[in-house]
Amino acid sequence: MGQSIALRIKRVLKHPLSSFVILGIVLLLVNVFYRAGIIQDIAFVRSVARVIIYSIVAMGFSLLLGYAGLASLGTSGLIGLGAFLIQLTYSQKGIPMVISILICLVIALVVGALIGFISLRIEGMYLAIITLCLSTILVELFRIGWGTDTFNLPRFQTFFGKEFPGYSSDGGLLVRDVMYYILVPLFVIVAMLTSNLMRSPAGRAMLAMKDSDSAAKAMGISVLKYRLIAFIIATVYAVFAGCLYMFYFRSTTYTDWGLALSLNILAAVIVGGSKSLLGCILGCFIIFGIDGMFLQNIPFFQNNTNFIYIISGALIIIVVMFYPGGLAHLWLDLKILIRKLKLKWRHYKYGD
Amino acid sequence: MGISKKLLHNFYSNRAENFKDDLDGAIEYNEFYQEKQEVLLKKHYDKFVAQEQEKLEPIRLSSVLLKSEVKIQVAEKLKSYDEKDIWRRKANTQTQVRGLAKATTDSDKQKITEAYETQLRSLDKRREEYEHKVTASISSKLQSVCAKDEKEQKEKLAKYKVALAESDKRCKAEHQKLEVQKQANIKVFQLKTDAKVSKASKKYETTLVDAKKYSASKVDQKLEKNVVLSLHNLTMQFGGLKAVDNLSFDVKKGEIFGLIGPNGAGKTTVFNCITQFYKPTKGEVYYEDKTGQVLLLNEAKVHNVIKKGIVRTFQNVELVWELTVLENLLVAAHSLFKSNLFDQFIHTPKLKKEEEMIRAKALKVLDYLGLTYLQNAYPVGLPYGILKKIELARTLMCNPRLIILDEPAAGLNDAETQELAVLIKKIRDEYKVTIFLVEHDMGLVMDICDTICAISFGKMLAIGTPKQIQKDPAVQEAYLGGE
Amino acid sequence: MGILQILLNSMQFIAIISLATLGIVLIFQTSITTNFAQSMIATVGGFISVTLLTKYGVPALASYFIAVAAMFLFGVFIDAVIIRFARHVTPVGKQMLTMGIVLLLTGLIPLVFGNVVMQAPKFSNTIITNASNTLSFSMHNLIGFILAAVVIAAIFICLKFTKWGLSVRATASNETVAKMMGINTRIITGVSWGIAGAVGTLAALIYAPLTQITPTMMVSVQVQGFMACVLGGFTSFIGPIVGAIIIPVLRNIVGYLGADTWKDVVVYLVIFLVVLIKPMGLFGKKIVKKV
């Protein structure tokens, strides 16, 4: 009897979506621990939230780069677009939260479609350049439209009609906590949806399109359709992440969204493995998380704030040169290595 | 005016195609459903039989002699013990081998052999002890259950036989019941399918009529009765170079048609013009599709060609290296998936059903080509001949009408080419398709083609049966080197 | 302020960006890599020069020379060690490598050179004005422009008329064939990286006195140099230089027309449109691949 329950649990765990659920639970616990006082520093939780938000972008980017093989350096501008649109709709025009987000998503759809159409004319490196131009234009527009100040979201006291205390309280949920508890499930849902898509006919079609344009067309895959889909999804994810960023961190300025962020996300995806979602999340954790989560507490790193760049730079170089498949690939290789070692051991012991 | 007519024609044609696809898809799924029902029946029946056996077990035990039953059960336990024990013995042997290899002096070797024998004895002793223990426990367990002597056994045996007979009856009844249920399910589904099919048929017929109403006069071109593909004055010009010059020929239904010519003759260009990878500069490509309509292929988009039933292979194997062999076949069936993006995001039951069916189909195709063992392998590193076979497997996924092969024998040795010839013929016969191939290997071409067309510098040299081509002087001069 | 003054003001940046862009296009053509690290290497050169000047009191000319020479060697080093070992890496991967180098150097610079923000002195502090005082022009600007013009002209002449130049163009056209023709492509690519490092450093030396010396000081130069390549076309040598002239002039014209805030937006918009219409750039040639 106990054996069959164990078997059932094993089967559930093997399901590809279960790892995301587990991750989600772990992330939720982070804030729980913070509230309980086990984790002292709010910066830790904020770092985790940052990693989560950038992971959403990275997952869309992974679909674009790893599956559809399309390069885009415009991600940071798009995330910023989400943040600034929220500023416009929620803060200035007073549109309720959910509707503002929906408006942003619709705009994202249009922008993504636009880029998708452009991608049909332009290939490879030039596409990256065009998206870079686009991103820079967007950021310049932010600077012109919103100036060089940081923009803050007013503290929202009511949330779907329920009142929450602001930032000073003892006991009871803070608005920030609520946002975190919303952020994590959304992240898990996005991860599961993306994972599903990757393992469906559309995912396979994109890989076919990436490996061989002509064969894909001969098999009935419309290159236009799937490029559009890839770009729309990547753009929507980026803008959505931008909205979430604004609601959680509640302030932004145009310098947040420069080229450096685009490059870092590209790096995160490549380091983690461009086709693996868990790899992307791990990559984001390494590039965006370790600094804020752990290193800030060590004096050496506090004094040399740029040291983290050495680590990420070296990591990128090592991964690209020796492990183009990223850390996800490394993980697979590790499993194969372990299996090989096991076989060797068997041979040694039993002389097979 | 002409444009709106064309748009309407395209609109209705596409709708007709969709209805036909629904039709075909429903029929195919119906077959798949029947197979699945069969599998389910077997599963449930096996489960029932197992349950019955469990119920009968105590009665059976009571009908056998204690001694014989104990013997049987002990033997079984010893078997599973031996399965584990063999590893210990192997380890023992291996330790000895390793030790002897390392040992230098005779006394060391002696020691090692002694150690080996001691271990061997202890293993044997353990086995004996285990045997005793197991025999004792089984005996005590069965003591009260089994028959003690012949007399008791006879009466219990009779009882057992009766119980067995009854159980058999129950099993048969259950099988009957399951069979009836299966038939009922199949019937219900068949009715559903028939309803779907008739509905789709009707829609299909009316839409076809509508489509024909708006069809441009050009496409009223009638193809001869048994012709599936017809090239009319096909010309393909790249700047100043005429790669294909005024080429015309017909490909009959169900035949194997070969296109030959020296290097640079324009064979691949013809190929690409048919499959719409190039849009011909001049001339028309007519094709009779699944609905019996004659289409002007020139107007079709590249990725829609497969929906009309034309599939192709590539000279340089163009498999998707990042997917497994099975997944490559699944991609090939991409046009068969009806699930939309939403279904794919959340993996609705609709998508799961489609995946299941197409996966089963892919396995069948792999089985047909003898490649089942490779289903989860990646194409990277597989032998070239196997890669070509996978390309061929891909073409069979979509119920094609016309299969176009681009130099299928390129890179294969004689034996593989022979195999290929047999395979192509088999596919033509069993899948009822027309095969068009471009090839350099004269042996293959002369062997399997019904009709051969020879071209040179984009112009037609000759067309006819292999024998005729072999005898044709122009061909001989240009290609076969003159006899 | 007339058109002439605008042009005079632009000369500085024309010099800086044309040097940067030359480095980028040289590396792109010989090792098919878009070098995101071009200006970062230049920055290191700038740091070396300023440190020698201010901290160790090395005379100006000597420190400039040492910096340029050091970065030449550094460029060769990067090619030899990293790029060479990444033969099998995809073009995107090579871009990533250069980005990794950028990050690495961004982290290393404060470690090696300390965190103190330094100031670099100009080549000369005199300002030239014309008789009627309507035009003004700094000496530093002039020296920088002349230097850049001379260097670029020299490189162009070498490219066109020397054997080395022929080897570079051959390698740029097709490395494998060039190798088969007996050209030692390893030296060619190494030297290209070295030259890129050297001219980049020169750009840094011209630019440094105009801004604060920080690790990220040349990021905008990198982006503009890159954009000049895009505008002019990666497949030609003259194109990027033309691009490097157009961009600063365009910016200043827009600024002159009063829309100062829209300077960059206009430039990027123009580039966006050019790439959309003629992806190969104004001077680029389309390389047709046979299917």
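We just call them A, B and C in the order they show up, numbering each chain from 1.
FYI, a contact is a pair of C-beta atoms (placed from the backbone, for glycine too) under 8 Å apart; a residue touches a chain by one contact, two chains touch by 3 or more.
Being a predicted model, the structure only gives us computed values, none of them experimental.
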item	value
Central chain (by mean CA position)	A
Centroid comparison with subunit B (C-alpha atoms), farthest chain	C
Chain centre separation (subunit A, subunit C; CA means) in Å	33
Between subunit C and subunit B, distance of the C-alpha-averaged centres to the nearest whole Å	57
Whole-Å gap separating subunit A and subunit B, where each centre is the average of the chain's CA atoms	38
Multi-partner residues of subunit A (each touching 2 or more other chains)	214
Shared-contact residues (touching 2 or more other chains) in subunit B	277
Multi-partner residues of subunit C (each touching 2 or more other chains)	291
Complex interface listing, subunit B residues touching subunit A	87, 90-91, 93-94, 97, 275, 277, 301-307, 311-312, 314, 318-323, 327, 330-332, 334-335, 337, 339, 341, 344-347, 351, 355, 394, 398
Parts of subunit A lying in touch with subunit B, wherever the complex brings them together	193, 196-197, 200-202, 204-205, 207-208, 210-212, 214-223, 229, 275, 348-352
Contact set on subunit A toward subunit C in their complex	65, 71, 118, 121-126, 128-130, 133-134, 136-137, 140-141, 143-144, 214, 259, 263, 266-267, 270, 304, 306-317, 320-321, 324
Subunit A-facing residues of subunit C, complex	34, 36, 82, 85-86, 89-97, 99-111, 215, 219, 223, 226-227, 230, 261-262, 264-265, 268-269, 271-272, 275-276, 279, 291
